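Each of the next two complexes has subunit A plus one more chain, namely subunit B in the first and subunit C in the second.
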Partner chain A sequence: MQNRSLSFWLFLTPVILGLGIVVVIPFFYGLFYSFTDWNGITATAFIGFENYINLFQESEFVDSIWFTVKFALITVILLNVMGLGLALLVTRNIKSSSLLRTVFFMPNLIGGLILGFIWQFIFISVFGDIAGITGIEGFDGWLSTTNTGFWGLVILTAWQMAGYIMIIYIAYLENIPKELIEAAKIDGASSFQRFKNITFPLVAPAFTVSMFLTLSMAFKIYDQNLSLTNGGPFNSTQMVAMEIVRTAFSDNDMAYAQAKAVIFFLIVAVIALTQVYYNKKREVEM
Partner chain B sequence: MKKNKERRNLLSIEILGLLLGLIWISPFYLMIVNAFKTKRDIFSGVLGFPSEPVFENFVEAFIDLEFLKSLFNSLLITGFSIAIIILFSSMAGYALARNKSKLSGVIFFIFVAAMLIPFQSVMIPLVSIFGQADMLNAGGLIFMYLGFGCSLSIFLYHGAMTGVSKSLDEAAIIDGANRFQTFWYIIFPLLKPISVTVAILNVIWIWNDYLLPSLVLNESNATIPLKMFYFFGQYTKQWHLALAGLTIAILPVIIGYFFAQKQIINGVSEGAVK
Partner chain C sequence: MKKNKLYSGFATAVLASTVALAGCSFGSDSSGDSGSSDSASGDQTTVDVFQFKVEFKDQFEELVSMYEEENPDVNINVKTVGGGNDYGASLKTSFSSGEEPDIFNVGGPTDVDEYEQYLADLSDTEAAGAALEGTLTGVSRDDQVLGLPFNQEGYGMLYNKEVFEEAGINAEEITTFDAFEEALKTLDSKKDELGIEAPIAFAAKEKWVLGNHLSNAYLADEFNHSVTEAYEADTVEFKMGDQMKRFTDLQKEYSVQPVLSLDYSQQVEENFSLGKVAMIQQGNWVYNTVESMDEEFAQNNVGILPIPVEGYEGSIPVGVPNYWVVNKESEDEVVQASKDFLDWMYTSEEGKKFVTEEFKFIPAYEGYEDLEIADPISQQIYEYASEGNTLGWVFLGAPTGWTEDAMGVAMQEYIAGDITWEEVEQRATEAWEKARQ
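== the complex of A and B ==
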């Protein structure tokens, strides 16, 4: 197919319209209006960087960024440890291997909104009951403080997504030649040595892939935040995505919310581009 | 001796795995068990079995969720979105892979680069533009899913095209087929494995999506997650009904997973590693 052939363009028209109207035009449209006093329909004045200056002085927005960063870092570490652990477990020669894969992956298929509601029940009622039976105070009052809200979100996300990360690690683990492990066994390497010297180095690329994947997933979380804590108590567990939605659709402060959305884009894009950079570097080294 | 020790090791790993599996599904156990309880039964304890299972919770939740209607809306929106994503993305992946010019490369790059843009960064102008065009409805939503879903799908189709020989196109053209016939009868059937992957990845996302439908649809044509949100808001402090509703809402996914678990896990694996 040539550039000038009609069929080339006909084949591309639907997706060019789709991406253009849904992503590209709104992106630049929003970028432009973030420098105005836009109310969602019309703008009356060009106000330069005023929105951007204001948002960095708004403690609620800055707090939501720190909360999200903290959440993302802990979730990323936890998800990768759990994902690799589960992958190592189910790739052993055990009978329940495929059953366990099915079970560990299951939460991933259900939406974050519904899972958040289920865990709201667990953290409030089930934990409350456990506190009553065992007398351990630590189980009481979950989701009513910033700290328990934070860990509630971490537990929910880790449970939901560990199965997904497990699948990625499995794909890499199953690509390790069996002969390598066998040869090491014959040479008398212990299972820890085999893991350290063969499995781990060969699975390292999966670590880069999953780390950035989980990082950008953790940054964009909204549904779980809404259904589990709804940002409470006092907006202290509100993440960036939710902050933007609220500024736009509860406070109706469109131009200001869009400025926050642009900052959000920059953060997510920097994370993703760093990943691309590392992947390229690794490919060169290999 | 060594064999025995290894077998014992495997057995303890197996037991550990099964225990972990039980912990993993315990949230679902707690949800289902308490959905069968009365309000008073839940109040007296959530860990055990119901003193006498009641089904009324499910009946009431089913009616209040308008479940058949929301299920129909979810099926309609997911179904149409997937159909056009698969059709249009495979066409684009084919066209871009068969044109080796610089321009084609640039277009492909734009589609891939667009994946960097998070939804929240475009949602406000998007809703504003579609609102002004009077397109905040199911049709508009399906079109939005094409826009958000096509990038990754084109990327996957483009990758899969490297395995489809160009001589197939040439043979079909010589036999008098036009481009579209060549694509539809020769190429598209060969792309079936990647179409399954594309379908699975997009179904998981679109079926469960809450934020976009909440901005686009009104309550009368709500999808399951959207309806679940309204429903849950009505029944705070009435866990017996809320949990019955959640159980019903999850059921279609569990049934789908039961029949297609292998394809789903393979599809997700393929989509993530590429």
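== the complex of A and C ==
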């Protein structure tokens, strides 16, 4: 990074320009608007921190934050366990492993909106039929209560993203030197010991990447939420992103929604950066 | 560890962008130029129309090219962005980016207030003079008429005539609560013979079905059927709250279950069009959907019943969902051309024919007496309207977001059994008062 020549800046300019125009400038604009009473057309007054004070008193916003936090916690754990599990499965010497990789990855190729509608059909119609045939009540009335809505979202997200996370783990798993495992085998380590003491520490960098990806994704989820439950019933399965969009576009409170978005940004940034920092410290350099 | 910093910096930037963009992302289905003329030459007036009704986009564009042929000096560009929220958002975007349309749509008094500085007075147009009584109240300010109604829409309990006949129910007698309940009981007891799953499909997942339509039937009286009165009201009292509760309870009890995950498309397509239920609470807008599922059924077998409201037996809620408005910041000749076009659409012979036959609108204007309305549901609603058996659409005058996010949400919680009806009223009233402080 020493010789920052002209060409260095030349190559960088398009990116910096792009990032500046679509990210940095709008971000500061947004920050500015969050201190006004902007309604999307005109801002008439500078109202300081009023929006920020109000939003913490609004139960709906706070509820949506808690809902999102709960959702993020569960999906991050589930996704990483499933991703690693699937990766371990397909890196074994089984015949169909490349077919399986494709199949596991496939859900990720379908857009979130469509996926939401597919799962909505499964949860409502298919589950309803299963309940009708077997008489198991647990299959009845999915997505019509807060709890089933929550688990519906978790299942949908896990199904969609697990294959993606699997790919990341596969990359790291296949990079583990065979000698290490062989040496451990010769020393008489059991397969669990090998996993715990060799595989696990060596895929730690993959945790950093996957946890960061899953965490930020779980927080920002919107399209799946929109098509699966649309916040229902009674706005109780509404994630923060959706709450913000609703405040902005259906309640028409642009500045207020902007203030919520700033808070949302701060929360996600703090969580993600802390987590990256800690995971980096734990990584084993190879 | 420079790399790390770069990484986290990048991460922050990505996050920032997502949040920033979350606020202004919208999916737009826009179609560009529709006209025959390609570019505006010197002596041509170009009018940009920005409209929201996706359902009639093709027909509207056809009408526009007809107009352009007749008036070669006018060039009209149509842009359509569909569906409730998206339209409002994109309209805002075009205003804040300076690409203001010359003709656009507003929903009611709240929108009018928001865009008031841009709205031209249309009281000198022929269409404004021909507009049916009461259809302009929501968009009138002082002596000015700021919008022209799109059409009229109405809703009630749509029913399957065949099922009713088989069950031996005379639909004309169902005007009161007791008769309505009786009919539900009959349908319910005979549902195996009739081949239906339940008497009703109650789309309680859709907050607008509850908060806009259901509640409106019982709030209209309180606000004298006037959008303006609702718009100016400081509070809502739920004078007919008991009836609202009873109607909600009935629909819930006799519906296919679970109601809270039943959405509009399941209600209309799966359940009603396929004959799995006998009744749904919807309006004339479902016609095209039902027709695409079963043409024969849509044309001959769908009737509309009034919603039972004491004191208003045999009336259905009819209102104007949207208005055309003209941007007065545009140049004078563009404003004039816009007015001429709207006038032509609603008052000329070709226009009128198109409005009823192709748009399948229930006209909100006089002078359509000898024209036939294309679909039977609209026809029946038009009959109710011309006999004066209507309730107003006051929900358009409620505070922004109130109908869905206060009323609709509270009703959903009531349906889920989490709160009592008193709490529904209390919450809705509080939200209304807070918004109107």
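As a working rule, the second predicted complex is superposed on the first by the 258 of 286 C-alpha atoms of A that agree within 3 Å, B and C clash if a C-alpha of one lies under 4 Å from a C-alpha of the other, contacts with A are read in each partner's own complex, and residues count from 1 in each chain.
Throughout what follows, a contact is a pair of C-beta atoms (placed from the backbone, for glycine too) under 8 Å apart; a residue touches a chain by one contact, two chains touch by 3 or more.
What you see is a predicted model, and the numbers here were worked out from it, not measured in a lab.
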| task | Consider subunit A as the common anchor and indicate whether subunit B and subunit C clash or fit when overlaid. | result | clash
| Counting residues of subunit A in contact, which comes out ahead: subunit B or subunit C? | B
| said: A:W119 in the overlay: touching subunit B, subunit C, both, or neither? Say first, second, both or neither. | reply: first
| query | Which partner does A:D129 contact after superposing on A: first (subunit B), second (subunit C), both, neither? | reply | first
| query | If you stack the two complexes on chain A, which partner ends up touching A:G40: first (subunit B), second (subunit C), both, or neither? | reply | both
| First (subunit B), second (subunit C), both or neither touched by A:V15 | first
| Counting only touches as set out at the top, which of subunit B and subunit C does A:S96 meet: first, second, both, neither? | first
| said: After the superposition on A, what does A:A269 contact: first (subunit B), second (subunit C), both or neither? | reply: both
| query | After superposing on chain A, which stretch of subunit C overlaps subunit B: 56-64, 92-100 or 182-190? | reply | 92-100
| message | Residues of subunit A that sit at the subunit B interface in one complex and at the subunit C interface in the other, please. | response | 1, 19, 22-24, 26-27, 30, 40-41, 216, 220, 222, 241, 244-245, 248-249, 254, 257-258, 261-262, 264-265, 268-269, 272-273
| message | Under the stated contact criterion, what part of subunit C meets subunit A in this complex? | response | 2, 4, 7-8, 11-24, 26, 84-85, 88-89, 92, 95-96, 114-115, 204-205, 207, 257-261, 266, 400-401, 404-405, 409-410, 412-413, 415-416, 418
| remark: subunit B partner, complex, touching residues on subunit A are 1-3, 7-8, 10-12, 14-16, 18-27, 29-30, 33, 40-41, 86, 89-90, 92-96, 99-115, 117-119, 121-122, 125-126, 129-130, 133, 159, 164, 167-168, 170-172, 209, 213, 216, 219-220, 222-223, 226-227, 240-241, 244-245, 248-249, 254, 257-258, 261-262, 264-265, 268-269, 272-273
| Which residues of subunit B touch subunit A in the complex? | 10, 13-14, 16-18, 20-21, 24-25, 27-28, 30-31, 34, 42, 45-47, 84, 88-89, 91-92, 94-96, 98-99, 101, 103-104, 107, 110-111, 114-126, 128-129, 132, 143-144, 146-148, 150-151, 154, 178-180, 183, 204, 207-211, 215, 225, 228-229, 232, 239, 242-243, 246, 249-250, 253-254, 256-257, 261, 264-265, 268-269, 272-273
| query | Which residues of subunit A touch subunit C in their complex? | reply | 1, 19, 22-24, 26-27, 30, 39-41, 123-124, 140-145, 212, 216, 220, 222, 230, 232-235, 241, 244-246, 248-252, 254, 257-258, 261-262, 264-265, 268-269, 272-273, 276-277, 280
